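After this come two complexes, each holding subunit A, first together with subunit B and then together with subunit C.
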Partner chain A sequence: MLNSLRMSMGWVHTWMGLVLGFVLMICFFFGALSVFDREIDRWAIPDTRFEPQPMPSFDKVLKPVFEQLQPDPVDMAATERRVVGSLPDPETLKLESLFAYNTHRDPVLLIGGEFAIPNEPIDPADDHQHVHGRATVNPATGELLNDDALKIGSDWFYPMHFSLNLNWMMLGYWIVGLAALVMLAGLVSGVIIHRKIFREFFTFRPWKNLFRSSLDLHNMTGVVALPFHFFFAFTALVIFASNIYLPVTHTTLKPLHEHHEMLEAARTGLPHEPSGVAAPLASVDAMVAEAKRRWAERDMAGDVGFLTINHLGDENAYVSIYRAGSDRVALVGEGIHFDASTGEVIREEPPRSVVSSIDEFLTGLHLQHFEHWMLRWLYVFGGLLGAICIATGFVLFVEKRKARHARNGSQGSRIVDALAVTTVTGMVLAAVGMLVANRLLPADLAGKGQWEQTAFWSVWGLAFLHAALRSSPVAKARHNPAWREQSLLVGLMSLSAVGLNWVTTGDHLIKTVFTDTYWAVAGVDLSLIVTALVAFYAAAKLRAPVAAQQKEQAVSRNKQVNAYD
Partner chain B sequence: MISQAALQTTNRVIAAILGGYAFTWGFSVLGIATMVALGIDFHEAETAISLVAFLVFLGLFLWTFAANSMIRVWLVLAGGAGVMMSVGLMLQNSLLS
Partner chain C sequence: MTEAIWLVAAAMAAVLSMSWLALAYENHWQQVFPQTGTLPNRSRLKLTGWAFLLLSAVFCLNADHPSMAVLVWVMLLTVAAFSVAMMLSHRPGLLKMICPPLFAARA
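Up next, the complex of A and B:
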């Protein structure tokens, strides 16, 4: 296409990058926030502002909690549509399997399980149907925490970066997947179209015009973090490969997969199906102690990260205990499986093979459950560099075309500019606006999380309207004042979020940094202040081109006047 | 009236995304089935292919835009997908019988 390799790659870079760039902004920005999702949760749910705790005793704390676990009403409704007849009363459903999961940054514990249902599936291929339930527990007391309190970090910003929180038909996942592929294509095509990549890497001319300095910044942020960007886009696809993006083993190769599962169950001794004979549960604490003893023998840190029980209450039930991933890149591992009724070890997982080591290393490096705070901050900066790379791409697109579009009467660059404002400053406004709403809405408001989500989308929608309404100067080859106005608003809202946190919880920065140190909340507050400073600086800088523009117009008017003399 | 250039571009984009995906799917089916036939553990094969598949997709995606002949592009993408899918399924059947 377009005669030469560089021209065709230029087309891919420009147009695919533009269309999916709006999605990539969301991925990079909310991905960067996800690095500190648990800390944002603490900021948003003041009741949980205490120190991270290890997995509590199963027998004493968790067992009674699991007895209170209820099927999720949303999942009940979704499952009901896929089975014959209506589901029984949720109170009567029996818990079939369960899990408990925590990391070194979690003061609260996430638990969940699957409830068995008697109904036949409508589609026979859709077997193994069950209803899910999940809850958040305070591990110190064993009390269930308010489900209405939305974990803004780990249940909103985090899923935003891989699903756009558009769950209908998994649409968000697919859009993000395509965006990830386009990110990879954008990186490769970007390298091909910039022949002097080494020299451009060291070129930054902020004093030149907007187009030049944006191009330099685009190249610099693209190249300096190229391995980072490539890695994240690539592993994003790998992480969801077998379940979402390329589910060949669940579709085309399902028969082979099931055959393997049966062989595997026979080989490992972990029963694939329940036997139907009821059996009691032995002490899980004793199994945890045994697992820790075995890890210690292998000279490994012994915190439990993930605990599951399958075929609960059945003779074939087994308990799987996995080690937390604080001290290495792979997520959880070194699983040890116990017979649930006797407490005997059925199987200790062998060391990983080369292929799964590579896979676990790559996906683990993306999901970063390890304990390394400096690396965590580097991830944030890498994500923000990606966002800068894409945002400058929008600026380049507009600056390159707006003069021509103004001459032709085209609205193209105006539309792109308005969407760019929406996905750059508008997106930050939505995120900060959600935090402000979180502090303004009363904690006991029914459906508070729903209101916070409404606030998020409303702020974003208003930011789009504002950007679109203010964008008419772009069609005349001038600058959109919305950039500056939204920057100012980002600054003001960020500062008010910090102020509101102080007023509503009493946790001001002197307390959270010095007198009663709590870095999760202090970190969010400090980041909001830095955001405000950057936003105010940007707003001040953005005054210059508008002023220059006015001066230029005045000069050209004078010239015209002089010409008539 | 849609211009000739717009139609050609649409053809490229569809080939790159859907054609590339179909080829990658066939590649994964054949790849996993072949590795299992060679005695490699099923999940090992699945993981190994997932690490390679998206690089294949990326290569095809870029090639579709760079290639001169769209007929050749479609022949490789759709033809390759069909052939690999059929051979993969035949392999699966023979492994299970």
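Up next, the complex of A and C:
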């Protein structure tokens, strides 16, 4: 049956694309949203609508904040299951390491740390003997922000992109990884099937039939953005390869890895273990000033992106200060390490090796710490082209088979069509629905973030039910009206999200664009309006096939009636 | 500010480049100039298209560090190709403006 390379590639492309296309759709769409995750956070948490700020003074602002940091109750419970006996009172646990993390787009600062525990592990090989704590700080005032306020952009849409928010056994990461791998195969097989790549590079013929015009759009969006598709699928695998997909350094090569850590500590002078002797912390601000002076000497922009302290309160404690990566593709870098008790420089990191630079470039181009608004928008566009490519792939699958399935009485096309509606318009509904819920639920509602997540899944579930219930025409080789109905709903909900933002916060577009410019919120509002326009346009276009279908049905009914006359 | 000017120039060069590369195909040329009949000078269109592709890269390099410029360039070409495809299918007349008369003449 599959007697040529092109035919066998066609089989792989169709079936792998169909099964994992649903996952890839989520990755592309939420990936495109994640480019502006911090901006979506500002929209969703109006209390944080102020300008991005550099890392604040550690001595004056952050030190007292870290004293208030508490172990995370969820992590406490998870750790308790892995150790002998019960954990001490969380109030008494001592912070042994800490971090503060900031980018040029963050008005708020993410901080966290590890609390030491005295318990023995149940499994002697388990060396993860601490409990994590995490908090968000307003760097201007040093206040801790309410944890109930879910950062919809960076803590929901962003993890949706790489883990589907399915955290059980890290299942989501594995599904997404498999999808990325299959996507690479899909790109290669797609290029093999599609012989006339350059000839059809610019070809889109919307006036042709649905199958042909969808195929044009599928080929074109796949090919014009081929470098984007390839590099994002590939770098996605690179990012998680060493710690999730192929964690050899923590499994097969664990002894070697630990030995290497010791040698590295000896070589760099950064102590691997605490000494057990208490020591005070010198001024971290003075260390930051010294780090900035050294960066300036090398003619580099000098904002701190990442600050860590290890072995806190011990004689062996050291402070590591990394430069924010706003001016290049690579992430944080040019680390300078200080002795925490004396404030002396222990080590200044040398320039990266070639291999390490390539790795930094590949992960950096995907994770985007850089300050380049145009490239950010170009990435959004690339992500949406990927989404179009997959959505048209679903349409092709259904259009190619629905007439045959209708003849054979098969439900195959109907099922695929209903799932396609759910993952295309249904997914947009879920995302916009979450924003609407965010504005409707009171800010001080206990567990507000949980309610927002419930709203997200409920809207998506309802979209699936609606798509499934309305899909019966597909089994008769007709068009599913759910596409149009959900498009209309996307338009209405997007506009109501913009309206609700105005009503609940007073931030309307005239204010956020002109009188009191705040692009983060204006950008989300404008994007919602564009979404609404596209959705209404799609609904108007989709009216034609549904109307034609209804007319056809009416005609055939009349014919039947006439036959009886 | 100069950075923004270079980036706008790079985007314009990318759109021009993609337009000429598209017009070098008989079927697309027919879409834009239905009256002119056959394609006049394919190699000249292609050559100019490729030249502007490189020019766009040079403009990107003027705006940003090379590691960043390469990303901006590749993504600009993607957007430009998509825009040209959409112009061809919806408003082919727009490409007449972009395409100077020099190519319309038979070589």
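Note that in this section the second predicted complex is superposed on the first by the 547 of 565 C-alpha atoms of A that agree within 3 Å, B and C clash if a C-alpha of one lies under 4 Å from a C-alpha of the other, contacts with A are read in each partner's own complex, and residues count from 1 in each chain.
Basically, a residue touches a chain if its C-beta (ideal position, glycine included) is under 8 Å from a C-beta of that chain, and two chains touch if they have at least 3 such contacts.
These numbers come from a predicted model, not from an experiment.
Taken together through their common subunit A, the two structures put subunit B and subunit C side by side without a clash.
In the superposition on chain A, A:509 makes contact with neither subunit B nor subunit C. In the overlay built on the shared chain, the residue A:538 is in contact with neither subunit B nor subunit C. Judged by the touch definition given at the top, the superposed model places A:205 against subunit C, while subunit B stays out of reach.
The vertex angle at subunit A, taken between the C-alpha centres of subunit B and subunit C once both structures are aligned on chain A, is 90 degrees to the nearest 10.
In the superposition on chain A, A:225 makes contact with subunit C only, while subunit B stays out of contact range.
In the superposition on chain A, no contact is made by A:345 with either subunit B or subunit C.
Once chain A of one complex is fitted onto chain A of the other, the partner contacts of A:375 are limited to subunit C, with no touch recorded for subunit B.
Touch criterion not met for A:488: it reaches neither subunit B nor subunit C.
Once you line the two complexes up on chain A, you'll see the smallest CA to CA distance from subunit B to subunit C is 18 Å. Contacts of subunit A with subunit B, set against its contacts with subunit C after fitting on chain A, share not one residue. Within the complex formed with subunit B, the residues of subunit A that make contact are 1, 5, 8-9, 11-12, 178, 181, 184-185, 188-189, 234, 237-238, 241-242, 246, 248-249, 252-253, 255-257, 259-260, 264, 353, 355-356, 358-359, 362.
Residues 199, 201-206, 220-221, 224-225, 227-228, 327-330, 361, 365, 370, 372, 374-375, 378-379, 381-382, 385 of subunit A are the ones touching subunit C in the complex. Those residues of subunit C lying in contact with subunit A across their complex are 7, 18, 21-22, 25, 27-28, 64-65, 67-68, 71-72, 74-79, 81-82, 84-86, 88-90. Against subunit A, in their complex, subunit B makes its touches with residues 8-9, 12, 17, 24-25, 28-29, 32-33, 36, 41-44, 46-48, 50-51, 53-55, 57-58, 61-62, 65-67, 85, 88-89, 92, 95-96.
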